[in-house]
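Below, chain A partners chain B and then partners chain C, in two separate complexes.
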Partner chain A sequence: MIALYLVAAVAVFAVARALIEKNTGRKLPYVNVMNFAVAGALVLLLDHPLSLVAAAAYFVGSTLEANAIASTYAGGVKR
Partner chain B sequence: MLGEILHILAAAVIAWVLFVTVDIFFELPKAGGVSGASAIARDIEAGGGALAGGNMMGNIVCSPDASAGTLLAACGVYVAGIPGGLAAALMVFIGNRICHDPGYAGTTGAVLATFIVYGFTLVGFAATDFIAGMVLAILSIQGLSHARASRLLARLWRVRQ
Partner chain C sequence: MILALEVTFGLIALAGAVSAALIRDSYGKLISLGILVGGIVPFIVDRGYLDVAIAVSLIAPIATIFVLMAVRRDEA
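Now for the complex of A and B:
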């Protein structure tokens, strides 16, 4: 139970840091912490064997989004 | 209650050492794997951090690395024991390929973490301790002070070199 509250508190803290940070490049690591916390909270909350698949799908999807945002921020594909 | 908190803190230290060791072994601080990781590294350096540490932090953001592997392996062990952890490793491997990551840091980290987390469940730890511990470990690197964390990672990277 403590694990769930701790993970949820970290998620809220990471969101607050991401909102306060103005620089996009430095904002993304805070969002990354939130993604870790949400993926952990999913498994702790859902008492089901497929919760692992839900957490992995959420985590990989959010990482891919962060990758896309960062690469667009870096200038995107040069043609 | 105090016992659970101490277990979570111990798990955080174990998870931290595991993922930093695997990531540095797989040379994540060397360069950004995608252009976005390099951009994050440059911004962290501009904010008073070190470029090598920034590269590793950018790579952690842009593709599932050993820290993600450790988290999902702990989730897998919690749900279904060793088979669950190995299933998580497979999903991390797929995630790496989706994220244009040629490396194996995430998969290796997930497989190692599966056996480490399972081993600790035999001596009184719960897999949930490692889920919360890994979240605390990533908070210490990505969520507290980017400048300090990147300088620490750069120092560890120099030791590796």
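Now for the complex of A and C:
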């Protein structure tokens, strides 16, 4: 149970830092931290076999999203 | 869910929503949208709607990628 509180505290801290930060490039690592913390919380919330699949799906989706934003912010593929 | 955790994830979702409304930079808006989804998914999982959670967490990034195309066209 204490792991869940710890992970939620990490998520709140990461969100606070991401919102305080002005530079977009510095926001992105904190958003990644929040995504990992939420993925950990999803596993710990419910004792069900499918919750592992849900956490894996959230992990894949949020990583894809963060990478898409970062890649476009960095200039993207030159056409 | 435990009340403290409900307050925590609710605060995350509210912070994402408020900052998505207030931030003017388009990349910052998309990042806030990601924070909003991250706050909402634990509530879906906690009720036991795991299939809905899987669908949401796979569809939300696709929506973000579509918006990113519009952002990039606007910049170029």
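The rule we apply is simple: the second predicted complex is superposed on the first by the 79 of 79 C-alpha atoms of A that agree within 3 Å, B and C clash if a C-alpha of one lies under 4 Å from a C-alpha of the other, contacts with A are read in each partner's own complex, and residues count from 1 in each chain.
Definition applied: contacts are C-beta pairs under 8 Å (C-beta built on N, C-alpha and C of every residue); 3 or more make two chains touch, one makes a residue touch a chain.
Keep in mind that this is a model prediction, so the values were computed, not measured.
Once the two complexes are laid over each other on the shared chain, residue contacts for A:Ala74 go to chain B alone; chain C is not touched. Of the two partner chains placed by superposition, only chain C is touched by A:Leu45; chain B is not. Of the two partner chains, chain C is the only one touched by A:Ser62; chain B is not. Shared-chain residue A:Val15: touches chain C; no touch with chain B. Residues 4, 24, 28, 31, 51, 53, 57, 60, 64, 66, 68-69, 72-73 of chain A lie at the contact with chain B in one complex and at the contact with chain C in the other. Residues of chain B touching chain A in their complex: 1, 4-5, 8, 34-40, 42-44, 47, 57-58, 60-64, 67-68, 71-72, 75-76, 78-80, 84, 87-88, 91-92, 94-95, 98-100, 126, 128-129, 131-132, 134-136, 138-139, 142-143, 146.
Contact residues of chain A toward chain B in the complex are 2-4, 6-7, 10, 13-14, 17, 23-26, 28-33, 36-37, 39-40, 43-44, 49, 51-53, 55-57, 59-60, 63-64, 66-75. Residues 1-2, 4-5, 8-9, 11-12, 15-16, 19, 25, 27-28, 30-32, 34-35, 37-39, 41-42, 45-46, 48, 50-51, 53-54, 57-58, 60-61, 64-65, 68, 71-72 of chain C are the ones touching chain A in the complex. Residues of chain A that touch chain C in their complex: 4-5, 8-9, 11-12, 15-16, 18-19, 24, 27-28, 31, 34-35, 38, 41-42, 45-46, 48, 50-51, 53-54, 57-58, 60-62, 64-66, 68-69, 72-73, 76.
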